[in-house]
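Okay, so chain A shows up in both of these, paired with chain B first and chain C after.
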Partner chain A sequence: MTAEVILNHRAMDDRRALVLLASCAVLVLLCLLALRLGYRPVSWADLARALTAYDPTDPDQIVIRELRLPRLAGALLSGAGLGIAGALIQGMTRNPLADPGLLGINAGAAAGVIGATFLLGMGSPTQYVWTALGGGALGSALVFALGGGAQASPARLLLAGAAISAFFFAMIRGLVLMSRQSLETYRFWILGGFENVTAESLAALWPFFLAGALVALAAAALIDALALGEDTARGLGVNVGGAKLLAGLAIVLLASSTVALAGPIAFVGLIVPHMARAVVRNDMLWLAPCAGVFGAALMVLADLAGRSPLFGGTMQAGVLSALIGGPVLIWLVRRTGGRKL
Partner chain B sequence: MQAFQFGPVSIPLHRRAVTMVLGLSFLVVLVALAALSLGSYPIDTAGLWQTLTGRADPIPAMIVLDHRLPRILTAIGAGAALGLAGAMVQTMLRNPLASPDIIGFTAGANAGALLAVLLTGGMILTGALTGGALAACAVIALAWRGGLDTQRLILVGIGASLSLGATADLLLSFTDENTAADMARWLTGTLHARGPADVALIWGGLALLAPATAWLGFPLGRMAFSDDIGVGLGLPMTRLRLAVTGLAIILVALAVSVAGPLPFVAFVSGPIARRLTRSGGPALAAAALTGATVTLGADLAARAIPVVRLPAGVFTAMIGAPVLVWLLWIEARKGRL
Partner chain C sequence: MVQDGTNCRLRAEAISVAYPGRAVLENLSLDIPDSKVTAIVGPNACGKSTLLRALARLTPVTAGQVSLDGHPIDRQRSRVVARQLAILPQSPLAPEGLTVLDLVRRGRTPHQSALRQWSRADSEAVERALDLTGLNDMSSRMLATLSGGQRQRAWIAMALAQDTDLLLLDEPTTYLDLPHQIELLALVRQLNRDTGRTVAMVLHDINLAARFADHMVALKGGRVRYQGAPSEVVTAKMMQDIFALPCTVIADPIHGHPHVIPA
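Right, the complex of A and B next:
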């Protein structure tokens, strides 16, 4: 390796640290905006007081503490979770079109949540997060079996995901038609948004996100070796089956907890890793955190945009990401020619 | 295998395929008769015969002729249309998972119908047809790159399907509670309260499209091989793909506008029919009859649970699950996974 190449690598390392730092700064700015703006804009001074010296009698501060803060935390957790899950699933399958929503994990987790709420009468996320995890694991296992495992072509894997998702959503639709009341809950929940995120659900679900992120970090180190091909990875002494299992566990944990918190949100996990890869290339230890920060920023931005008067103030973040994500998927397919993926 | 000759034309006939088509037709008639007599007002065989020959009391006559018969005929027609469309698209794309309901042809019809109901309070048919056609045109245009490649069509279709599905969910959240309940039922696919107009629409459409379908059936069997073989046989692949896609979209839109997007009927019919006939070809007739049987059976099951009145689409999805698993199993056995 010549000195020049080494220098280039150094420059790259510096650049990605800088980008990660800058995007963290942008994220903090977005968070402050998300707390300040809304149906009832609050002054910077009130915002600072609500965060440092909370006065429960001031309506402005109540809005911030009781409504906007849980909503923001929900968007941050979901966006980061989906971004990391997307980066892992794309790395693991070596498939640039992979996404927890496209590969049936969201649909399985959604079926778990709906089944638990409407059949078993579970009301709190502490209870139905487990059925969500079970459904997500089942959905992903089915998709990988039907789609031909991790070696399958992207199209086949996506088709399997679409088929399994269609099945789960048909079942969910059937379940919610049993009663008028369940349909009323469902048709807003399915859009995926942070309106109904409460402090209780956050308190119940944050350990799952944390566990998912930690497992993801452990898996990230192994996935880079997988990218060289499974035989090479084996030659390097990597336990391929174990690495995939670890990555799968992280993906199911993160995606299913997001569904339990905010409903099924597709495409964030698809778009964000591509944005992150443009900055940090294919180094999973950098890619995963970067995708987490980008995903969180994107979700906060989507929630902020959805609340803006432009969309009537009620556009759910999940819908917004699906409406934008479809065209992005099509663009990715066209750019890569669809064949040489 | 035998061949029938009419002058210069010879049509190859697989004995097993012919037997299966006859058997499936018999099954459709049998299930239809069962559907006519069963229900919250059961009518025995003798009563059914009297009604159908026009010698019965007005009440059973009204129940059978005005309520059950249109519903059953609509189910058969819609099921056949979906089965045909599914078998055609799956054969063309050479993938048993690539049916019209998975790759976005149905989602356009859904969103269009919902939008029509929201804007005008009715006009489901117009909305479904326009939405389906627009979505299909967009999918084809976006997948087009000096020709229509199957892989790209599938991927673009899935993308469009998700965006359109989100649009439908969004539209559903804009409606009031009653419309939402009706539309959710319709979005699952239901055959409740169908009239003579629906029967005329679906059967008229099928009759009009039958010649085109039969004509496309011949090259379709050859499109199932690789692109190289198709081109070598002198088939205009891109033009044929456009024709098959267009025909499939019209069939799906017809079925959706009379019965809603019954999930998985298009998906399951093709593989089941191919397995039954073992012909290796698209087995269009058998697929249409399979679709009709599945839809009719699902509607019968839906009517058998009177209290909650679940739409037939819930049961077609339940039929879809074992077929998915079965597809998985045979593909795994072939070592093609």
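Right, the complex of A and C next:
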């Protein structure tokens, strides 16, 4: 009997490892496609050369190195960041509808971008990466402070997020009305996409993604305990305030970096954790990595589809991720009768 | 008072607990006898849940102290306390998509850290908890598909997996029908006999408390009014003093425990 339980558990972990491995394989495949396909399709041979023996005079290789590679890296980091952050916030708030955007991060980052263009006249994405990152961090810090800090209850936190977001967006609308240049910047930025991802912004932001992912893994077991309710978590010896701050730090690092890199991409942080949960269930140590890989795959797929002739070659990935993710979420809801949501 | 010669690892020493604008416990002292089942009873809002929560360091005391092994419990590392003392809060809620095994495994949280991941000892503690609660066959079932009684047993299994000598239960029989209440309390009784665990629980039903506890504590207005063996505590006078309920107390004809028959 006892051996059977251990076996059940091993079988589950084996299944999880298999799912993770398989989705990594799919992700690699999608990455190769994303590098090859586009307005100017590149042969496998040229792709291999561009990656291993780069020749800066070959236009095909330049397209891969200078345009598609940063774009792909942006999609991978953003998708993974939103997936992990979404899994964390849904676990921490015990709310299956929670999304990293609810913590005021997107609103703060948007305010950062508009502030930079309107007040400082910055027009290039490389310039406003930092104001977006700072704005996102500021927005979420305000939400945590208003939500009660370490004593924050999920409901208070989400309400504070709604209030801060409403405030920032009201300010943004006012500024956008007054300045045509801000409107132009904002119009593209708010949709979310990877056109503007540059080697410089990647170099600036990847350490934040890495730190966020590491903090997420360190907080995984604590969030699992928190998901059982604060009393139970305290009974299990978890420092509830500390656990929430740690989880919040991971969410802010990942979501602010994403919004700074690619703008506010809706829906990925909400939907991807549900997809991941359907296969690896509620164990954060598995759920977070799985949501990371799924999110990256969804983002690469959305970007690939957005660049296809089907959408005129220029549809923003942030629009398509919702187009692709929406039906999947509906299917998940219908399959489980909403029980898992 | 607790009979001489009984050790008490967990004690409340003149504790007071106040919520804003309202004193709940006042200068209350209580020893929880080791290796016994203690039932805490009293009318609604008498502070019995607050007392249990204070004993488990879930609710901070405003005066006095709760001590575990002679040291103030709130000065000890919470994770270390969680290896000695497990508490099951009132009607806990599990997130969706959790199996019985997933839940029970979380009881091992205080034994793990970033450096010390899942071990053989963790697996064995989880096995024991599932065995003791008879949940082996259901370990891969989703919690949402279990009956109320089975779900409550799963939560107890989680607390057992914590592998502590002290187990505190806050109204573990709430929302259960009578057969499931009996089943659950019989399980608690058996756990105490088989493993020597100290149990302290808040119960509503005086008759069930008298039947399944070794030691009873009756609270009113945030103070301990009566304590001792059920046969000493459960009397018509106590029922009048504590609950203002006129009644006759007879000896249960089968088991001999005191039995309250309201007038």
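The definition used in the following text is that the second predicted complex is superposed on the first by the 266 of 341 C-alpha atoms of A that agree within 3 Å, B and C clash if a C-alpha of one lies under 4 Å from a C-alpha of the other, contacts with A are read in each partner's own complex, and residues count from 1 in each chain.
By our rule, a residue touches a chain if its C-beta (ideal position, glycine included) is under 8 Å from a C-beta of that chain, and two chains touch if they have at least 3 such contacts.
This is a predicted model, so every value here is computed, not measured.
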*Just chain B (first), just chain C (second), both, or neither: which does A:221 touch?*
second
*asked:* Between chain B and chain C, which one contacts more residues of chain A in the superposed model?
replied: B
_According to the stated criteria, A:281 is in contact with first (chain B), second (chain C), both, or neither; which is it?_
second
*Mind working out whether A:303 is in touch with chain B, chain C, both or neither, as first, second, both or neither?*
neither
*asked:* Is A:180 touching anything from chain B or chain C once the two structures are fitted on A? First, second, both or neither.
replied: first
_Which superposed partner A:229 touches (first chain B, second chain C, both, neither)_ = second
*asked:* If we overlay the two complexes on their shared chain A, which of chain B and chain C does A:239 touch? Say first, second, both or neither.
replied: second
*Which holds for A:163: it touches chain B only (first), chain C only (second), both, or neither?*
first
_Just checking: does A:96 make contact with chain B only, chain C only, both, or neither of them? Give me first, second, both or neither._
second
*Where on chain A do the contacts from chain B and from chain C line up?*
339
*What residues on chain A touch chain C, complex-wise?*
1-2, 4-6, 8-9, 91, 94, 96, 218, 221, 224-225, 227-229, 231-232, 234-239, 277, 281-283, 339-341
*Mind listing the chain B positions that touch chain A in their complex?*
95, 97-98, 101-103, 142-143, 145, 149, 151-152, 154-156, 158-167, 169-170, 172-173, 177, 180-181, 184-185, 187-188, 263-264, 267, 308, 310-311, 313-314, 317-318, 320-321, 324, 327-328, 331-332, 336-337
*Complex contact set, residues of chain C against chain A*: 53, 56-58, 77-83, 86-89, 92-99, 101-103, 105-107, 109-110, 112, 114, 123, 126-127, 130-131, 136, 139-140, 144, 159, 162
*Can you check the complex and tell me which residues of chain A touch chain B?*
97, 101-102, 142, 145-146, 148-149, 152-156, 158-160, 162-164, 166-167, 170-171, 173-174, 176-178, 180, 183-184, 187-188, 190-191, 266-267, 316, 318-319, 322-323, 325-327, 329-330, 333-334, 337-339
